[in-house]
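One chain, subunit A, links the two complexes that follow: it is found with subunit B in the first and with subunit C in the second.
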Partner chain A sequence: MALLRRVPWAVLVFVAAATVPWLGSRFYTFLATDIAILALFAASLNLLLGYTGLVSFGHAAYFGIGAYTCAILMKTHGVPFVPALLAGTVNAGACALVFGLFCVRSSRIYFSMLTLAFAQIVWAVCFKWNSVTGGEQGLNNVPYPGLDWMAVIPMLGDLRAGDRYYLVVLVLVGLAFAALKRIVDSPFGRILTAIRENAERAEFVGVDVRRYQLASFVVAGAFAGFAGALFGLFNRGVFPDFAHWSKSAEVLIMAILGGFGSFWGPAVGAGVLVLLNQQITSYTQYWPLILGSILIVLLFVFPGGIVGALQAAVRRLKERRDA
Partner chain B sequence: MLTPSFLLAQFQSGLTAAMFLFIVASGLSLIFGVLRVLNFAHGSFYMLGAYMAWQVTQWLGAASVSFWIAVPVAAATVAILGGVIERLLLRHLYGREELYQLLFTYALVLILGDAARILWGTQQLAVPRPPLLAGSFDVMGIVVPHYNLFIIVLGPLVALGCWLLLSRTGTGRMIRAAAWDREMLSALGADVGRLYTLMFMAGSFLAGLGGALVTPVRSITPGMDVDIIVECFIVVVIGGLGSLWGTFLGAIIFGQVLAFGILILPGFSLFAVFVLMAFVLVVRPAGLLGRPVKR
Partner chain C sequence: MLEAKGIAKSFNGFAAVGGVSLAVPAGGVTAVIGPNGAGKSTLFNLLTGHLVPDSGSVAFQGRDITGAAPHAICRMGIGRSFQHTNIFKKLTVFGNVQAALIAHRRKAHQFWTRSEGLYRDEALALLEALGLADKADAVADSLSHGNQKQLELGIALASDPAMLLLDEPTAGMSATETREAIRLLERIVADRQLTLLFTEHDMEVVFQIAQKIAVLHQGRLIAEGTPAEVRNDPEVRRVYLGGGH
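Moving on, here comes the complex of A and B:
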């Protein structure tokens, strides 16, 4: 058991994921890109849900803001990839700061209500502001980042544009995960956990609970914006759906499906849900119905999600061995 | 443009919208006040009320009374559905963290939304105004439909009814006691479980009633559940979650700001409501008439 624990699983998964373009199928690369980006999106939500104990029903708002900011800058204003990506991240974080100021006031219930309300406003702006966001039609034909420089690197020369973008996404998402891991393991992350466990007690020992909740909200929003910006380019277009409440529901269910009690749980949930979506949407158009049913089963039967259930199984095995 | 008759017309439409909103939001507020559960599916119940009203009027045909049968039938159906959901599922989550209750009602939003899509399709549906109230008054040069006036009168009656029920009856006393201290009431021998089911049914009834009543003036569409729940949230945030009169006040303010916000921000009057909500949150975080929630 101790040996298994010492294996650097995150690095192994990363290396395995990097071989996907050489499997040859355009479809696999497509799926892997989708999963990588959404895994980051779900992990950003988990900073709120799992670590701070705040339920956001409007996390897609920041995903959408990041996606729109990056796409508008690149398409309309011809800004290069890296500055546009950073602008998307910063703008999502800034919007999270403004909305968060109101959301973290009073109780957690207000937080949940207000995140949904503000997300609807973001969606309405995306939907109605025709001159900038393209309105209902969204923005199509967002340019791919120029990745010709990758041809210089040996082995990458003969890859398709989609495969190259996937590798870029993989590296960026990997870095973002490393940053998130650093954040949750830092003293800051520990304080967030303390607030989740008992906000009143945290306040007694001198923690400014609201300020930390707000900080957590901003960081989560910024990472969601980063994921959104990458997703918009991957999708070659941004649409109001990105900020829609059903997107918020999807990411929430990813986090719970994987298990919001662990750092990697939401990423696992994202992977499973994307694959499930691929399978199920070819049979039925009623995806929300499936999502809702999954959520109810999880709440009643597996509140710890996939990772939680696995951990419980491992613990039981261990107890049996020790007994 | 700012003629008295224009202002009166805006006031009238704002008040009508406010009373529709109050009827729905009061159910949300009452359920929260007693069960301490924020029901995200409240908007879905509203939507089901609307679809049920349409369905019943379809079954009854063009009879002039069909609307007056459809409204109570729709509301009662939604109330029964609410009771079943509370009894079979929600009940088992009371002992868990509030997170699970929130997520459960959220899952209902997804399921009921698709269920409505499966049963009634995605096209817009409409119910004609009941013949009895199809006419309109002419007041100071503006047209006030009879139906709007009916809603404007009905809203305060619902508020008064709820208030009398809560403050003047034995059941109301029990409900207030349950809101205060569930365990103590149960220790005193009251059937708190039954009380919770009744309360959830009453709240769902109000959602269904609001949905059924709104059908003659708004078309029935699949997205109406989320639209109304966001509006209800804003109303209870402004007025104070769990407070009946706070909800009433919040609804009136919402309606008027929406109606007159058009003068300031044409096409984006919803933003005016958000600005107001933000302001209330800064000045009185628990809402205008709300008690701070202990957590």
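Moving on, here comes the complex of A and C:
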């Protein structure tokens, strides 16, 4: 089992994911891009949910803000990819700072309802501000980032645009995951878990709890914005749906399905949800019914989600071997 | 060291603490006693910023701390424990003390360095003094009640306080655990030259270690003095020590 733990799983998954454009069809590249971006989105939510103990019902707002900011800059103002992506990230973080100031003043369900309320405001702005956001129709034909420079790299020359973009996404998402991991393993991350465990006690070891909850909210919002910006380009368009409450619910489901008790749980949840959705919708139109049933069973049998259940299984195996 | 002047707090018209003045001398051990509902926990919460008094003031080392936030009061050098054990349950024992050390050393904002093993030696030294070193990597939740209380003391000590406020440090402990906990507490207070203010149900403990006792009854201080003075106070005997039963 010690051997199991020493395997650099994250690196293996990353390398395996990088082979998709050569091994699979265009459709698999599409799915893999979807999963990679949503995995980051779910992991950003988990900074709040799993680490800080804050339940946000409006995390899609920051995904949407990142997506719109990046897409508007690239399409309407001709800004290149990298600065537009950074602007999307920063703007999502800045909005999270402003909204978060109000949200962290309340606790528990009131916090959750406020995040939802702010997300609905963001959605309404996207939906109504026709001249900037394209309103109900959204913004179509957002340009792909110019990736012709990749042609000079051996093996990447004859890849399709979608495959190239996938590789860019994979590298960027990989870096974002590395950064998130570093943050949760830092003293800052330790203080967040202390707040999750006992905010009153944290306050009385000298932690300004609201300030750290706000910091967590901003970081989570910025990473969600980063994921949203990548998603808008992948989707070749941004729509008010991105910030809709149902999108916030979807990312919560991913985190819970995969298990918000571990760092990788929500990413696994994102992958499983996308693949399940893909498989089941090809058989039946009753996908939400099946998803609901899966969730109920999972929550009763494995409250720790998929990754929580796997960890428990590994522990049991180990105990049996040691016994 | 800590001085409250006429602090009062009402909840929906009920005066939980009605104008209490209390001076805690530096370096001493002071106990606040009183029957259930006398307002001891409310008084503690007023002193440590969890509640803001309706009137009156609190000063610590000459500085007015009335209405200051708990985290700010903690940083001035007051450590506390709670009546209901208040620890970081799902963190390890080491993680509990480490979190307190990170906060105390103002490292909580560092998001790009590693926390694994940070302050491990100091945390272990502290846990050693509390007799918890061998349980450092256990999840805090799995400890016995007595050990959890000691861990909470460890969390409070990690902030290197000048003064310690303990709300019923031996609540729920067995007689043996209580004796050990008190011996430990006496040693730590002496080693660190702490000022201690505590509440306690167990009168034996109170009269054994307190140099000064304040008696709270229905939100008011009815007596204050040395153990001998308090023991012989007729008012105290009537309402609390209750001689008769």
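Convention: the second predicted complex is superposed on the first by the 306 of 323 C-alpha atoms of A that agree within 3 Å, B and C clash if a C-alpha of one lies under 4 Å from a C-alpha of the other, contacts with A are read in each partner's own complex, and residues count from 1 in each chain.
By our rule, contacts are C-beta pairs under 8 Å (C-beta built on N, C-alpha and C of every residue); 3 or more make two chains touch, one makes a residue touch a chain.
Computed from a predicted model, the values in this text were never measured in an experiment.
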Greater residue coverage of subunit A in the superposed arrangement, subunit B or subunit C: B
Contacts of A:199 with subunit B and subunit C, given as first, second, both or neither: first
Which superposed partner A:306 touches (first subunit B, second subunit C, both, neither): neither
First (subunit B), second (subunit C), both or neither touched by A:55: first
Subunit B versus subunit C as contact partner of A:182, first or second or both or neither: second
First (subunit B), second (subunit C), both or neither touched by A:116: first
Which of subunit B and subunit C A:222 touches, first, second, both or neither: neither
Residues of subunit A at both interfaces, subunit B in one complex, subunit C in the other: none
Residue ranges of subunit B touching subunit A (in the complex, touch as defined): 32, 38, 40, 89, 92-93, 96, 98-100, 102-104, 106-111, 113-115, 117-118, 226, 229-230, 233-234, 236-237, 241, 267-268, 270-271, 274, 277-278, 281-282, 285-286, 292-293, 295
List of subunit A residues in touch with subunit B within their complex: 53, 55, 57, 102, 105-110, 112-114, 116-118, 120-121, 124, 128, 199, 245-246, 249, 252, 256, 286, 288-289, 291-293, 295-296, 299-300, 303
Of all residues in subunit C, those that touch subunit A in their complex: 48, 50, 69-71, 74-75, 79-80, 82, 86-91, 95, 98-100, 102-104, 107-116, 118, 155-156, 158-159
Residue ranges of subunit A in contact with subunit C within the complex: 182-183, 185-191, 193-194, 197-198, 200-209, 212, 215, 219
